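See the structures that follow.
Each of the next two complexes has subunit A plus one more chain, namely subunit B in the first and subunit C in the second.
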Partner chain A sequence: MDNKAQLHTLEGLAAAVLMTLTVLAITQSTMIVTPQNSLAVNVQLEQMSSDALGVLDMAPISLVQYNLTECVAGWNKTEATYPTIKHEKLDDALWHLLPGLLYNVDFAYIENGNLTVEKVIINGAPGDNSVVSRRYVTLTNQTVHMMDGGWSLQDDELKVVEVRMTAWKV
Partner chain B sequence: MMDEKGQIAVDFLLGISLFLIALTFTVQFIPGMFMSGSAGESSLDYTAYRTATILAEDTGWWVNNTGSGSGTDWEAHTSDIKRIGLAVDDEPRSKLTNSPNILSKTKIEQFMLIDEDGIIEKLGLYNNVDGTLFAYGYNISIVSIENNGIPFVINGNATVRGSTAPDDQEIAKITRVVLVETGHAAVLNANELTDTINIKGPYEENVTIQIRNLNGTNPSFLNATLENVTLTQHSDFTITRKTGWTSSEVNGSIHINDIICLDFDHGLFNSSNTYRLDLSFSNVTLDPGPPFVSYNKRSTPLYEPAYMIVEVW
Partner chain C sequence: MESMKKDTKAQWIALSGLVISLIIIGLAALANQAVIAGYHSSNAVLEFPKDNIRELNSHTRDSAMIIKDLSFEINSTSNETIPFIFEQLFDNYSTQMQALYAVHGETVDVSLVSINSTNGTFGINDIDLIFVNITYNDGRTHYISEPEIIEVR
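What follows is the complex of A and B.
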């Protein structure tokens, strides 16, 4: 007669099955966020925000009153303050194309040999998984004049402005 | 002395250690066993991304059997399709497009008619396991942003392909912001607009006229007549004003900065005649003509913002 506290074969098997079932139940019932999945979410966000800027830039005249270049040209050069002052025309367009997203927009351009970055739309502090997309537009004095904007350009001057949008999901 | 308390035996310790080592080894080396979102499934993400990108940014390509003909206008050569893409292209001989994310109406129309096997093969919606092809499930839809995600209807077909996504499976989904060609419109400045507009039928889609930069003090819209018959608002045509991205109905008076959109029912222009459309405003002076503005010469494609959603499982 063996009096030691040993594990019998059947009990061992039962314990093993129990442990495996527990591990299986936990892994199957919760959605594990693997790096690939959060990557996919970021890719989606980046894709949509760069699409929105692109679509706004290329939009034909029959669709929109002002395309991206005209929106930028019509800026009155007043920096945005939260929440009252922002670039209304651009905000209206982006809000229509990206419902459910929040975004801040900056304009970056060279003035007197220095890179100037001005905030034009502020919707709050960007979250952890924010993405930035960019689009360049070229302004002429003619466009600025037509849109009644605040830029002062010579008649033969071209100004390249980088539209920088930081977008995030809430 | 013999110890009869319940202590751990060395046998058990050895056994359980071996078991745990074996379990850890199995979990580590067969990633698909316990993890959802594993290597095998994440290839769905790439498939969805690739499919959405090809459809939105590429024009497609066809080559015939002898290799003598090729172009991006695959919608006119459906038996020789090499690649499916929906982006518009005005130069079908060259492979370049400068209009990604702008989708052509005729291409979408043909895309809805291609047979199931063709779609799966041309868009690569399958997994190749040791030479055997397993088709993925997919759902590709083009929905209106303004209309709360309702698919467009082009030529009587809703712009949806594939089956409904199942609830109990992992789905890879990519959404693209695109512009969809839904009809045509003539964009006219008030100073080039004449009282009369000539429209040569037949038209299968609504005839849209956009008027910009109307001048005058307190201008208002009176009526529209077609071949001297006064048209009824709402049933024959609608008139809206557009400020930025918002449209609202016009009841009489107009703001000077608004874009005026007149949308005429296509049923009014169903035979191949030249129709005479007269627009009448008060407090607006228009060029009485002739020559009259020709709608057919001035019309350009009309686009609507949309989401193209690709789901793969």
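What follows is the complex of A and C.
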């Protein structure tokens, strides 16, 4: 009987076990890869949604049909219901700036000393990795009157409105 | 069995298995470090309230212009002075901003320090600068701009 081949087999088995254990250890130690990828996507998503609101707020009137202040001022104060009623002017503007993303938009403001939050665009339930961006606009009765909006402001009153957008990838 | 012990040729197989394993462990350690670095840098970007602070500043600048215009509008139908109306409107703006930021667990303070006029009178073309103190704090990041000089001409 040739015992040499048996020794080769045993040592080959030992090498295989060694390498299997190594691969197992690596697989266990790199579980952190998943949250890293999701965080990187969140960073990109937050930047895109923040930029979209910023562009809409700062863009000259010649470049956009309605800027963010005008969109907010022109809101008829009817809360959105899915999928029929939404703030069309704001939705049209954001739709072009955020291709491939879904978003919900709320307006938050102080009324009679209390915080009021109203939904103005609903495109569905936000996903697990959704991000929230916000931008502020200041309304006066003049801007509301110009845009024929539903806000009820006095001539000497300022209203700061937070535009809160929840965006997510599908 | 004795002959098996004497034959050491196949030791190379086990040895190369060990070497390959060590190389894989080294590469895994490097990959893991890169992954952890990516995790921390992404986390830092998400945690730091850059956009919130920037928005507080830029919106205060925009609102200062709106407040100036509204002050003159109110002044045309009332007996109150421009600085008085400006201060009232700015306080109102500051109160609303404090409440809206507080909802997100952030403390802000935007307070008017002074209104600068080129010749001491408060005509619509005379007010050129306003000085505002801005502070922001979310428990981790504390930002102060005292004073923030805003051009309103």
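Throughout what follows, the second predicted complex is superposed on the first by the 139 of 170 C-alpha atoms of A that agree within 3 Å, B and C clash if a C-alpha of one lies under 4 Å from a C-alpha of the other, contacts with A are read in each partner's own complex, and residues count from 1 in each chain.
By our rule, a residue touches a chain if its C-beta (ideal position, glycine included) is under 8 Å from a C-beta of that chain, and two chains touch if they have at least 3 such contacts.
None of the values given here were measured: they were computed from a predicted structure.
In the superposed model, A:L63 lies in contact with subunit B only, and not with subunit C. In the superposition on chain A, A:P83 makes contact with neither subunit B nor subunit C. With both structures placed on the common chain, the touch criterion links A:A40 to subunit B and to subunit C.
With both structures placed on the common chain, the touch criterion links A:G12 to subunit B and to subunit C. By the document's definition of touching, of the two partners only subunit B reaches A:V55; subunit C does not. Of the two partner chains placed by the overlay, subunit B and subunit C both lie in contact with A:V23. Of the two partner chains placed by superposition, only subunit B is touched by A:L97; subunit C is not.
Within subunit A, the residues touched by subunit B in the first complex and by subunit C in the second are 3-4, 6-7, 12, 16, 19, 23, 32-33, 36, 39-40, 43.
Contact residues of subunit B toward subunit A in the complex are 2, 4-9, 11-12, 15, 19, 23, 27, 34-38, 42, 45, 49, 52, 56, 99-102, 145-146, 172-179, 185, 187, 208, 210, 242-246, 259, 300-305.
Residues of subunit C that touch subunit A in their complex: 1, 3-4, 7, 9-11, 13-14, 16-18, 20-21, 24-25, 28, 31-32, 35-36, 38-39, 42-43, 45-46, 51-52, 55, 59, 62-63, 66-67, 70, 73-74, 85, 89, 92-93, 95-97, 99-100, 103-104.
Taken together, the subunit A residues at the contact with subunit C in this complex read 3-4, 6-8, 11-12, 14-16, 18-19, 21-23, 25-26, 29-30, 32-33, 35-36, 39-40, 42-43, 46, 50, 108-110, 115, 133-138, 140, 142, 155-160, 162.
Residues of subunit A touching subunit B in their complex: 3-7, 12, 16, 19-20, 23-24, 27-28, 31-34, 36-37, 39-40, 43-44, 47-48, 51-52, 54-55, 58-66, 89, 92-93, 96-99.
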